[in-house]
Amino acid sequence: MVKVGIIGATGYVGAELLRLLLSHPKVEVAALSSVSFEGQEISNVYKTFLNKTNLICNSMDDVVEKCDVIFTALPHGLSEDIAKKAIENNKICIDMGADFRLSNEDDYEKWYGKKFSQPELHTKSVYGLPELNKEKIKNCSLIANPGCYPTTIELGLMPLLKNSLIKLDGIICDSKSGTTGAGRSLALNTHFPEENETFAPYKVGAHRHTPEIEETLSVMANDKVSITFTPHLLPINRGILSTIYCTPKNKVNLEEIYKLYVEFYKDKPFVNILPLGEIASIKNVRLSNDCYISLHLNHREDQIIVVSTIDNMIKGAAGQGIQNMNIILGFDETEGLNLIAPAF
Amino acid sequence: MVKVGIIGATGYVGAELLRLLLSHPKVEVAALSSVSFEGQEISNVYKTFLNKTNLICNSMDDVVEKCDVIFTALPHGLSEDIAKKAIENNKICIDMGADFRLSNEDDYEKWYGKKFSQPELHTKSVYGLPELNKEKIKNCSLIANPGCYPTTIELGLMPLLKNSLIKLDGIICDSKSGTTGAGRSLALNTHFPEENETFAPYKVGAHRHTPEIEETLSVMANDKVSITFTPHLLPINRGILSTIYCTPKNKVNLEEIYKLYVEFYKDKPFVNILPLGEIASIKNVRLSNDCYISLHLNHREDQIIVVSTIDNMIKGAAGQGIQNMNIILGFDETEGLNLIAPAF
Amino acid sequence: MVKVGIIGATGYVGAELLRLLLSHPKVEVAALSSVSFEGQEISNVYKTFLNKTNLICNSMDDVVEKCDVIFTALPHGLSEDIAKKAIENNKICIDMGADFRLSNEDDYEKWYGKKFSQPELHTKSVYGLPELNKEKIKNCSLIANPGCYPTTIELGLMPLLKNSLIKLDGIICDSKSGTTGAGRSLALNTHFPEENETFAPYKVGAHRHTPEIEETLSVMANDKVSITFTPHLLPINRGILSTIYCTPKNKVNLEEIYKLYVEFYKDKPFVNILPLGEIASIKNVRLSNDCYISLHLNHREDQIIVVSTIDNMIKGAAGQGIQNMNIILGFDETEGLNLIAPAF
Amino acid sequence: MVKVGIIGATGYVGAELLRLLLSHPKVEVAALSSVSFEGQEISNVYKTFLNKTNLICNSMDDVVEKCDVIFTALPHGLSEDIAKKAIENNKICIDMGADFRLSNEDDYEKWYGKKFSQPELHTKSVYGLPELNKEKIKNCSLIANPGCYPTTIELGLMPLLKNSLIKLDGIICDSKSGTTGAGRSLALNTHFPEENETFAPYKVGAHRHTPEIEETLSVMANDKVSITFTPHLLPINRGILSTIYCTPKNKVNLEEIYKLYVEFYKDKPFVNILPLGEIASIKNVRLSNDCYISLHLNHREDQIIVVSTIDNMIKGAAGQGIQNMNIILGFDETEGLNLIAPAF
C-alpha cells in the first residue's frame, strides 16, 4: 500500500480527499496535518469520520516524513515551500491550490499579488488535467491540480480548440458554482439566510481562475485565446456548470461536432458526451468524478453553446487529484474513482 | 373603487395578482375565474387566502361582466378571444401571457405554432414595459404584459441601445430563473428531489422569449438586434437574474456608463442602479416590483457585462401588470407596489 | 405621525422592523442605531433599502431622544438600562429581547446567567402576547415581546389550558425553526454548506425559551405546567412550526375541540384555525403576521396533537412588536400588518 | 459472482439499489424490470448511469429467471405474488415494500386495506432489521426490508426496550424525512415551489409505518408498546431524523444509558453512538448506510430524548436491503456498504 498524506486536511478539499482516499483500494492514508486543529482527531472536526478512521491532525513535517504521496490543500502562496521539501525528499506532491497552475510569473504576480517563491520548481511541475497532459503527468512528481472552474471550461472547449474550429477571442464563459467552492471559512455571503433563495455573480471580470483558463486554452489552440469569465454562486452545495458561448470559424453542423467530441473523448473514462438534444445538468455529476458535456447551437445557428458540468469538489478538486496520483503511480486511472452520481 | 378581476386565478401568476390586488388601496377584486377549480373558494386552493377573501372561482364571462379591469393569466393562445370580448365591452384588458407580445405574426407562428386569431386586436395592443412605453400605455385598453426574462434583459440594455453604444449582434443573454416561472403544473424537472441541489439550462437556443426580446431591443435600437438567449432553472422559488454580455462600439469608460444609467432611469421608480463595484443579486428584489442593475467590464475591458435582476412573479408578471393598470387608470405608478424586498 | 426608532437596527429583527415600519401608514421611522455600523446608511448594510430610505445608523441616545416609541432589538442583557432611560423620558419601549420576558428572577439567573439590573422595571413590564394580554398592553409603556418559539406553543395550547382540558405535565413541544432565528452572526452551523440539506435539533433540554414557555403556560392554566421542549434548525430562511403533544384529561371529541378553538380565537385577527383534516404548514404564514393552527389526534385517540406555525421574524418578532405598538397607541391592531403570505 | 436483479428498477428505491449494487464487489446485476419503462435502457431514465451500465428494463419474469437474488421495489400489494414465484424457484427475495412487514394480518388489513394474498409465505418471511434479527436472516430466503421511519425509531429505542428501562406507552416519535421518501411520482406537495422553503407534518396519526413500529418495538420489549408517530416532510432530498421522547421507569443517569448503548451496538457496524453532549444530524449519515444516535435528557431530567438518524434511501431502504443480502449470502455484512457520508 502506498502511503499518502494530506496537508490541510480540515478544509473542504482536504476532507473530501480523505473521504475518497479512505476508500481507495491501493493506498493507505498515513498522516494528516492541520494548523487550526493540530492534535485533534479528524473525526472530531468532521463527525462523518467517526468510527471510520482514528487519524489525528499533526504537523506538515509529519506528513512529509511519513508519506510517499503528499496532497497540499492550502490557501495559495503556502504550497511552494512544502512542495520543495517534498521533492527534495523524493516524494510526490500534488498541489490542490493555485501555486503552480500558471507558468507565467507575471500573470501570477498580477492576479495573486506575489512572485513565485521557488521559481525553479515551476519548470518541473505539470498542469494536472489528465485529459490534456496524461503523458507528462506519468513522469512528473509535482502536479498543479487544476482549478474547478477551469476544468469545466477546458474540457468543454478542448475538442473545438484542438481542431481549430472556433474564433479565439470573444469566448464567453458564464459559470455557476455551488457554495463548497468557497470553502469552510465563514463569510456573510455564505451565511445560510443570506445565500439561500438567492443567486448572483461575484468577482465579475476579476476572478483569479481567468489567467489559468486563458493559458490552458491557449496551449490547446496553440495560439492566444481570450475569454470573458463570470463566476456565479448557486444556493447548492456541490457542482459547477459552465455555459460557454463561442463563434465557429465556418458554418457548423452540430451532428459533426457531436461526433468529434465523442471521438475525442472516447478513451477518457470520466468525460461523457450527452446525445444531441439532451442538456447537461449538475445532477448528472454530483458526487462523481465525471464531466458531462452537451452541445447546442443558438437559434440563428451562428454560435456554439457548450454546457459542461462537474462536481467541483471531485473532478474539480479531490477526485482529479487522485486521478493524477493514479496516473503517476501506474494504477488504473479510475482506481478509487468509480463513483456513480446518485440520481437524487 | 375600480373593480378588477382575474381570469386564470389559480395559476401562479393569477394567485400573485390576487395577493397584490387585495392590498391595493384603489381597487376591489370583484371576480375570479378558474377552469380547474370553478365553484371553489380561492382560499381552498391557496390556504394563505383563508380569512383574507371569500372570493369564489367563477366563469370567465362572470369576470368580464363584473369588472372594469380584467387580467388574463392563461396559457398562450387562450387570451385573444377573451380580450376581444373585454374590449368590445369597453373594459381594460391586461394580458399576462404571450398572445399580444409579438407584433410580427410570422414570428408568432414560428415560435408559438399558430396564427393570430384576432389580428385586428394586435394593432391596438401595447407592449406593457412602462419604462419604454409609458405614454402609449396611458391611452391603451389592451396591454401585452412582458415576459419575465425579457423584462430583465430589456431594462438591462435599454440605455446602451437608446444611446447606440453597443454592437447590435452577438449579444449574449445568460439568464437564470427560479422555479415559479414554470408554473404550478407538475413536471419531473420541477419534482423536488429532481430539481433541488441541481442546476441546468433548458430549451437552449429554443426558448419562446427570444423573438420578444429581439423585437423589443430592436425597437430600442431602432435597428435590428440579434441575441443568443439561454435560460437556466435555479433551485429557488422566485427571481430572475440575467448576465448580459455586449460589445461596445468604442472604448468605454465604466463611470460614464454608470452616470448614463442613473440619468436614464432617474424618473423610473422601480429601476435601481447599484453603485459601481456592487453586484446585483436576486435578494435585492425578491418579493418587490424592483429591478436592480449593476454594470461591469471584463478584465480586458472590451466587453460590457450588465447584471439585471427582478422578481419573476412581480416585476416579471403580476407587479408589472398592476403597474400598467395604475398608469392606464391614472393612479400613481407605484400604487399598491411599494414593496420592500425582505433582507432575508 | 408617531415617531418610532429602532435600537439595534442592523440585526435581523431590527431590519425586519424597519421594513415593516417603513410601510406602516401611521408612524414615521425617525431614527436608527447600530453599534457595528454607526455612521453608515442602513441601505449600505441591507441593499434592499436602497432608494427606500436614507436613514443613517446613529447612537442609542439619538433614538431615545428623537422617538416616541423605541424598539430595542439587542442581545439579552443590554435592554434594561436603555428601557429605563426611555421610560424615564416618558417614551414607549418595546423590547424584542429576553430581558423582561421572565417575571421570576431566579429563573432568569438560572437560564441567562445574570440577575435583573433594573428590578423595579420588571413590575411595570407586560408580556406582549396580545392574544393573552391585550388589556394590560393597552396601558403599558414597557413591553416584553415574546420569543418566537414560545409564541407558537402558547397560541397553540391556550384554548386547551384556559379550559382545563389537558394534563399539565408531560407536554412535548417539538419545534422546528428557519435559520433567520439564529440571527446574522456567522457560525459554522449556519454556514451554507453545513446547514443546507441537513436537519438536527440543538440545545436539547437546554434552550432558554423553556422557562418563558412554562411561565406563560402556567399563567394560562392558573397552575404549574411543565414541558419538554426541543428546538430544531430547518434549512429554510423563515418560519417556525411546533408539533405539540398533550394528554387530554378525559376522552376527547376532536370536533368539539375544533369548535372551541374557533370560538376562542374568533376576535383575534391573526390566529387562523384550519378546518379539521387540514394540516398547518409554514407556507401558510411565511412573510405574514399570521399564526395557523391545526388540530389532530393520534391513532389511539389518547393524545391531542396541535400543530402551530408562524413566521419567526414577523409574528415571532417584528410583527408582534408592531402589533403591541398598535395596541398601545390605540391604532387598529392590524395596522401595517395586513400581510398575506405569498402562496410560493 | 452472484446474479442479482431488481423488480421496479426505475423508482427511487430501485435506482438506488442499482447504484449501490453496481459497485458491490461480489454481485453482478443481471436483470432489471420496470412496467413504465420496459424496453428502455436504464441510463435513458437516469442519466447518471450513462456509460456505467447498458442494462435494459425487462419483464419481471426475466428478472426472476436470470437472478439468484431478487429485490422487489414495488408499491405495496404487488410483491406477494412475485415473492411466491421467486421462492418456488429457490431464489432469494428481498422485498423493499410493506407486504411482509406486518405479521398481524388484521393490522395489515386495517392500515393497508387488503388481506394477505399469500398468507403461507408470511410464516417464512423475516423482518430484515439486521441489528435485531441477524441470526434469523442468515437462514431465510424472504426478507421484509423495514420501512425508513421504523428503522430510525427501532434502532433508537432497542437498547432501552431490551433492558426494560422505559414505560411502554406514551412514547412520542416525531420524525422528519427528506422528499425522496415520497418517491418519484409527481404530486403537488413535492412540486418544487410548494415544498421548498416550507415544512409541515403529514398523515398525522394515520401513517402506515405506525403498526410496523409498534409491532417491532413490542417484540423488543416482549410486551405491548404503544407510540404516537408524526412524520414531517423536510425540504431536502435525503435523510430521516427522529426525535423520540420516552419516560424512564426510574430516575436515570445519562452516562449509564450512554454506556449501555455503546455496549449494545459495539458489534453492529453501522450504528454509531455519539459522545454525550453531541447531537445527531442528518449530515452525519447522508449517502451512507450508517445510523447515528445521540442521547439526551430534558431539563427536568424526567424524559429521555433519543435522536436517531439515517439516510432514508440507504439504511432506510437500498443499503439495508443489501445488508440483508450480504448476511444471507454469507458475505461480510458491510460488503459494498463501506460508504462514508460526505462532510458537505
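So that you can tell them apart, the chains are marked A, B, C and D in the order they are listed, and the count of residues begins at 1 in each.
Going forward, a residue touches a chain if its C-beta (ideal position, glycine included) is under 8 Å from a C-beta of that chain, and two chains touch if they have at least 3 such contacts.
None of the values given here were measured: they were computed from a predicted structure.
**Q** Which chains are shared contacts of chain B and chain C?
**A** Both chain B and chain C are touched by A, D, going by the contact rule given at the top.
**Q** Where centres are the averaged C-alpha coordinates, which chain has the largest centre distance to chain A?
**A** C
**Q** For the pairs A-C and A-D, output the one whose chains share more C-beta pairs in contact.
**A** Most C-beta pairs in contact, of the two: A-D.
**Q** Where the centres are mean C-alpha positions, what is the separation of chain A from chain B, in Å?
**A** From the centre of chain A to the centre of chain B is 39 Å.
**Q** If you average the Cα atoms of chain A and of chain C to get two centres, how far apart are those centres in Å?
**A** Comparing mean C-alpha positions, chain C is 46 Å from chain A.
**Q** Which integer distance in Å separates the CA centroid of chain A from that of chain D?
**A** Centre separation, chain A to chain D: 36 Å.
**Q** Two or more other chains in contact with one residue: find those residues in chain B.
**A** Counting only residues that touch two or more other chains, chain B contributes 12, 180, 193, 196-197, 235-238, 281, 283, 344.
**Q** Write out the stretch or stretches of chain D touching chain C in their complex.
**A** 170, 172, 174, 176, 193-194, 197-202, 204-206, 210, 226, 228-230, 232, 234-239, 241, 243, 245, 247, 279-283, 286, 294, 296-300, 303, 305, 307, 309, 344
**Q** Which of the residues in chain C end up touching chain A in this complex?
**A** Chain C residues touching chain A: 12, 178-180, 184, 186-188, 190-197, 235-237.
**Q** Please name which positions on chain D make contact with chain A in the complex.
**A** Checking each residue of chain D against chain A gives 12, 15-16, 19, 22-23, 46-52, 180, 197, 237-238, 272, 274, 278, 281, 283-285, 287-288, 292, 313, 338, 340-344.
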